[in-house]
Structure formats: C-alpha cells, structure tokens
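One structure is given here, and the rest of the page talks about it.
First chain written, first letter: the chains are A, B, C and D, and each begins at residue 1.
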Amino acid sequence: MSIKEILRMVLVLTLVTGIWGGLLSLVKMATQDQIEYQRIKNVKAPALEKALTVEYTNDPVKERKKIRVGTDEAGNPIIRNVFIAKQNGRVVAVALEGYGSGYGGDMGVMVAIKPESNKVDGIAVTTHAETPGVGTKAMKSEAFMGQFSGKNISASFAPGGGIDAHSGATYTSEGIMQGVERATKIFSRNREKIL
Amino acid sequence: MSTIWQEFSKGLWKEVPPFRFVLGLCPTLAVTGKVSSALGLGCGVIFVLMVSNTLISIFKQYIPGKIRVPVFIVIIASAVTIVELMMEAYFYTLYEVLGIWIPLIVVNCLILGRAEAFARKNPVRLAVADGAGMGLGFTISLVVLATFREVIGSGTWFGLSVLPPSYIGFDLVQNPPGAFICLGLLLALINLISAKTESKRQEC
Amino acid sequence: MSELKLTVTPSPHVHSGNSLTAMMRDFTIALLPATIFGIYFFGADVVRGVLIAVVSALVWEGLSQWLSGRKLELGNLHAVFSGLLLALILPPGLPWWTILVGTLLMVLLGKEVFGGYGSNPFNSVLVAWVALQLSYPDYMAQWILPLADPATTSAPMEVFTSQGPAFVREYFSYTDLFLGRTAGFTGQVSALMLLIGGAYLLWRKTINWRIPVSYLAGVFLFSGVFWLLGTGAYADPLFHILAGGTMISAFFLATDLPSTPTTPQGMILFGLGAGILTVIIRTWGAWTFGAFYAVLIFNMFTPFLDKIAPEVYGR
Amino acid sequence: MGDYLLMMISAIFANNILLIRFLGLCPYVGVSSNVNSSVGMSGAALFVNVLASTFTWLVYNYLLVPFQLEYLRTVAFILVIASLVQLVEIVLQKTAPALYRALGIYLPLITTNCMIFGTAVLNINQDNAFFDAVIYAFATAIGFSLALLILAGLRERFAIGKVPNMMNGFPIALISAGLMGLCFQGFIGLGQ
C-alpha cells in the first residue's frame, strides 16, 4: 500500500464523517425545539391536563418557562419547566413538577397552582415506579388526591402535615406529599420569575 | 427508460424483499403487528435506502475499495439518524411505537446489501430506481403481512374496525410466536405460487 | 433422491398403516374411561366438545391431505385420537368455534406443515392447547360447576397458583382429587380414570414405561424435596401428582412417539426433566397448567436427548 | 447476586432475544441448518456481544453523554461494533489461530447481526448500569445460542423427514421458530 493510497483513505473517511457530522448537527439543531416540545407533550401533558382543573384557552406546553431552581452536586444548574395556563391572555394557573421519593424510587408530581388566590388547583402523578395495585391505589384515589385541591400554598404538605396518607399505601402517599411540598416551595421562591 | 423500469420493478415481485430475498427479517416480524407501524418503518427504510444508494452511486469512484464498508456504514447510519430525529420531532407516537427498530434500520441487511451488490457498481439513475423499488417492495411486504396480522389478530385495519364487533381477536397472530408462523406460512404460499407459475411457463 | 438415503430416521418406524392404526386404537380406548366419567360428571357439554373436536379434526386432516395431493390416511385413527385428547384437555364449556380453531391449528401447525404424523417435532395436541391458551385466556379459565354445592368453582391447580398451598388443603380432599370431584377440564379431574387408561396402555405395551414413570417420579421427588424443606410454602407432592393435569401428561401427552426421545436414557431424562419443570412452572411461573408447557418445552430437546445413546429397538 | 440470576433467567427464557424480541434473525435462519455451525456462530456471537456491549456502554456514557452528543448514538455504535469485529478478527488470527479457525467465518456475519447492535441499544434504553449491561449482554447471547441450537437440532431432523416441498427451507424454519416461541411462553413469570 502506497502512502498516497493511505492518505486518500484517510482523506475520504475524514471528509465523509466531517460532512455527515456537520449535516447531522444541522438537522439536530433544526429539530431540537420540536423534539423537546413533543417529549413534554407526550410525557407530561396527560398529567398536566389532569392537574389543571381551571378553564384555559392556550397551550401550556407551548408557553412554558424555564427556571433555575438550584444547582446539583457537580455545580450544573437544575432547570425546571413551568407551564403557564392562560385564559384570554390572563394567567389563571401555573403548573410545575416536584419530586418526592416513594416506595419504588423517585416519583414526579405535577402541581397546578392558581397564582391569584395562592391555592392549589389540582395535582397528578407524572412518573413513578410504585407497585401496581398497592402504591398505585393512592394515586388513583379521589379521596387522597383531592385533599390537596383548594389548600393554600403556604400550608405544609410534607408528611405529618395536614394531609392524611392513603391507608395501605403510606410510602407512596408520602412521596406524593413530598413532591407537592417541594413544588409549592419552588413556586413561592420563584414567583416573580414565573409570572 | 426500460432498464430503469426493470431495476425498479424487480423489487416488487421478482426479488421482493424480504420474501424472495430473505434480508431484513427482524423488523419484518417486529413491526407488523399493526399496519400503521409497518408503513412507518417502511417509509423510513425507503428514505434510508434511496439516500444511501444515491450517494454511494454518485461518489463510487472516490471511495477506495478497502474502506468502502466503513464509508457505507457511516452514510447509512447518518441517514438513519436523520430519520430518527425527524420522526421524534414530527411523528412522536410512531417514534414511541417503533422504538428500538428505528436505529436498527442501520443493521437491516437489505440496505448494506443493496449498497454492496448494486449501488457501487451502477449509474445513479439505476441506483435510485433500485433503491426505490426495493424499498417500496419491502414496505408493501410489511404492509401485506401487517394487514393479515392486524385483521385476524384484532379485527382492525389501520386502526379502523373492519370486522363485526362480535369478532374476538385471534391473539396468537399478534404475539411474537404468531409473527414467525404467519411469515412462515406466507413464504410457503409464495413458494407455492412461484412453483405453479414456473411450471406453467415451462409448459408454454 | 430421498429413496437412496440410508439414514436413521426419527421414530415412529411405522411403515405399514396397520401397526399405527392399532396403536391409535389402543390410545383411544385408553381415553374412554376418562371420557365416560367426564360425560357423567359434566354432562352434555363434554359430548358436544368431543364430537366437535373429533369430527373437525377428521375434516381438517382430510382437507389438508386432499389439497396437498397426498393419500387420505384418516383410517389410521390419529385424527380421532388427537381430537379426543384435545377435547379432554379443554374446559368443557368452551365455545364451539374455539374448538374448531384449536383442531385446525393442531392439524396444520402441529402436523401437516412438517409432513404429517411422524415428522412433527412438537406434540400437535399441545401446540393447539398452548395456542388457544395464548389467544383466548378468558375462555380457557371458565369452568362448569361440577357439583350442586361446590367448595370452589376454580380448578385445584388454579387455587394453588393464585392463593397458595394453604387454601388447597381447605378446599380439596385427596379422595376428591383422586376420584375427580373438582372443577377442571375433563381429562384432569379424575386421576383414577386416567390411571386405568394408563395401565391399559402399559399392559398392551403401546407405551414404554420409562417416560410416564420417570415423569411422575420427577414431579413427586422435586415437589417432595421442596415440601420437606418448607412446609406451608409449597404444596405436597401428592397434590402435584393428582391435580393440574399431571396424569394425562404422563400417560397421553409425554408419550407421543414422534416428539419424544427413542433411547432409554433419553426417555428417562425427558420424563425427569419435564416432571421437574412442571413443578417449577406451577410454583414460580405464571401458568396454572405447567404440566403441558413442561412437556412441550422438552419436545424441543428431543433431538439432543436422542443423541445420548443409540436407538432402542422394539419400542 | 440473586438479582443478576433473575435478570439472566428472564433474558434467556421469557424475553428471549430471538424468539420474543426478534433480534438476530439473519444468522438464525442462515446457519441453523446444522448443529456444528450453530455452535461456532453461538461462540462468536457470545464473544462479540459481551465485548460490544461493554465498549458501546463506555463510549455512550463517557464520550457521548458528557458532550451532549446522544443523537450520534446510532453512528457511534455501529462504528464501534464494526471496528471491534475487525480488531477481534486480527487479534484472534495472531494470537489464537485455532479459535480463529473455529469462529473466523462467522465473524464478518456478526457486524450486521442485529442482536449485537440491538443489545447495545437496549442497554442504553433500559438505563442499565455498567455491570448490569455486561451481564445482560452475556445473557442475551446465551438465549440466542440456546434458540439457535434447538432450531439446528430440529432442522437436522427435518432434513431426513418428509417436509413438503413448499415448506422446505425458510418457511419451516420460521414456523418451528414460532412453535419454539410458544414453548418459551411457558417460562413467563420465571425470573421476574
């Protein structure tokens, strides 16, 4: 194999990967926002619709805001999405996720808050790894999940506070309470940024 | 013109994949539970096959023989990534249903097989025709198999009910073992048909 | 081309139709006690199920042989026997059309695609049963009430897999299990009737003793070990022998000639293995009737078990 | 340890990579016509599958994730696998000629074996930790080998049987695979 041949091979491979890599990153950039929208729409929207009981006319997924809620161990900022529900241009509710630890690990809870009255509008579980038929009983129970609605956000939602756990599903109930507690606190701290 | 037509049409019956040309079996079985997912994957394969055939045919004299396979793979894998990104952005439900089978288009032997056997030896227009024909043949095959499995298995076609509501779906054909059995029976049927037509041709 | 091959072929080595016919006749006769008992016990549903299964098996087999241009071989009684056997392992009140689907799958997938009886690597009756189980799980768990005042409408093995061994002892006595006074499919309820049939087959030398004996031993010993290790968590070995289709598997399903080994060692390993797997699936798996799955799974290993030692003659 | 065992049983039987997940079919019908070549293929697949999953996991988690290049996964994995196969071929030829002779002809087939690529992607999709990923790759390859060997055993029987003409070859292999899949359904519930 001559040097010329090897050089040609290297050149061709570099060119091919370079051109395609550039093209791919272009496609990636062009589709990035759309992909993020679709992901949120398909993963979070069902819970979002359940948590929002007020009437609204916009697409809260489209009108979402990103807020910085803190930093992780490595010092990178933690960014959360806040979904804004509007009726005829007026903000009627905002929804954001808080995480608590249930029986099977972390669970996400979507909490909708009415900023005018500072009351919880509704909550719904987004992601969880609870035992089917045991822990899931709590998140399906109207009596348990309904307790949060109408409570002022300054109240304590943490376990041991004013919320009764669903019997037989204590860990899951406490996970949900923790999630709501954290979400409401994030809202209170970042109220100006969100609205 | 006639040769372009020939290269295009061979993919539709004479060498139709994956029936005559048993390449790309894995997705054939995996995505044919529903007509919609079969069609979705088929379109992805058509796109990748046309892109790879076209590019390889255009640049065939610049690709050194010794590294042609890596170059082909890079081209194919990049085309697949484009399909992946596009599907996630604009057809999210389909993207979720197809899941792992979109990246797996890369290792679909059909695509590398056409690059190796056809595109690197033929002019661009023929390579395009070949890619379109093979891709279309593959898609039609998937849809045919999916039609059978979806109608018998759940009484629907493309999500619309086509059988009376009292029909109780025959779950076996929707399950993985049923996929193998259906494809096996379909291949046997094609064997039978071609044996019949060939013996007729000999009689003439 | 194939005529010139001098190779050892898989069993059965039946070349005149007569001995196959005689064998199938014996098998059919051996199933009669259980069938008659089932009719007495469950009533007209069993008659209906058996008639539909046998007639449709004959029709499907005749059609497929005629369509593929082969000689009609309905006289060898294999269709009659396998139709009857399938009817006996299905719930008595199954809708008529599911029985038709079952016999079609039995004839087509179990047998004809491989070239007819003798070439099938899987037990055709079990292929049909598993396919029905997978397709119509709801129908396959609907039992008829056998007695005016039943303790439970579930089959004994169902009670075991869903509620655990403690409940089994509460609902079923050994006498009930042995005589067959429980819910279930026809060919499972009476261990006694199946034992009579099995004894007839052994006396007529239609089946080799190795598979049924080693199968029952496998079930008994394996479940016995776990029962001794932890009473309460595991069912006792006698229950495993009497319930859940163990008997019909031992004498009628695991003895299907084409799909089981032909060497003495192979047969013993087949029986032991399938017996152990039966208990494993019942105890830890998802299926109530692990006996059928276990036999079918071991059908897959027959070619390897056959390689262990040379062929036994005069089986 | 118990968790690894359950994971392996599940990956080998109830979620068999080939019969239930449909990965690796081309070599399955291609080389399963006799037992000896199936053994060779199984060995090669096991070897490459474990290596490929190890390397792709490392590449993904230590190269693609830190630079936020996850979307290049497909390209990166296929390149890693292709070059890995080449490397294995060269190393084996130099260091273990006997093994190379046994596995050699199957190695090129492995690049386009969807099982290798599929296992690598599944490991990422399932968020497997490093050691889990290696065990998972090992178990899927064992499941693949098991299915391959059983089918080879059955097909050796068909060769001397009387399978109808129209069923010969692929049709009967696929139908047998389907019936084997039915058998493997019996393992559901074990190891989960």
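Operating definition for what follows: a residue touches a chain if its C-beta (ideal position, glycine included) is under 8 Å from a C-beta of that chain, and two chains touch if they have at least 3 such contacts.
Just so we're clear, the structure is a prediction, and the values are computed from it rather than from any experiment.
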{"item": "Highest-count interface - the chain pair sharing the most C-beta contacts", "value": "B-D"}
{"item": "For chain B paired with chain D, centre-to-centre distance based on mean C-alpha positions, whole Å", "value": "22"}
{"item": "Distance between chain centroids, defined by C-alpha means - chain A, chain B (Å)", "value": "38"}
{"item": "Rounded Å distance between chain C and chain D, as computed from the means of their C-alpha atoms", "value": "34"}
{"item": "Geometric centre distance via CA averages, chain D-chain A, whole Å", "value": "37"}
{"item": "Chain A: positions in contact with at least two other chains", "value": "20-21, 24, 28"}
{"item": "Multi-chain contact sites of chain B, meaning residues that touch two or more partners", "value": "70, 74, 78, 81, 85, 175, 177, 181, 184, 188"}
{"item": "Chain D residues counted as touching two or more neighbouring chains", "value": "71-72, 75, 167, 171-172, 175, 178-180, 182, 184-185"}
{"item": "Chain-level touch network, classified as line, ring, star, complete or other", "value": "other"}
{"item": "Chains touching one another, given as label pairs in label order", "value": "A-B, A-D, B-C, B-D, C-D"}
{"item": "In the complex, chain C residues that touch chain B", "value": "101, 105, 109, 113, 131, 134-136"}
{"item": "Chain A partner contacts - residues on chain B that touch it in the complex", "value": "62-64, 66-67, 70-71, 74-75, 78, 81-82, 85-86, 88-90, 92-93, 96"}
{"item": "In the complex with chain C, residue positions of chain B that touch it", "value": "168, 170-172, 175, 177, 181, 184, 188"}
{"item": "Contact footprint of chain D on chain B as seen in their complex", "value": "22-23, 25-27, 29-30, 69-70, 73-74, 76-78, 80-81, 84-85, 99-100, 103-104, 106-109, 112, 175-181, 183-185, 187-189, 191-192, 195"}
{"item": "In the complex with chain D, residue positions of chain C that touch it", "value": "2, 5, 7-10, 68, 109, 113-116, 118-119, 121-122, 127, 130-131, 134, 280-281, 284-287, 290, 293-294, 296-297, 299-304"}
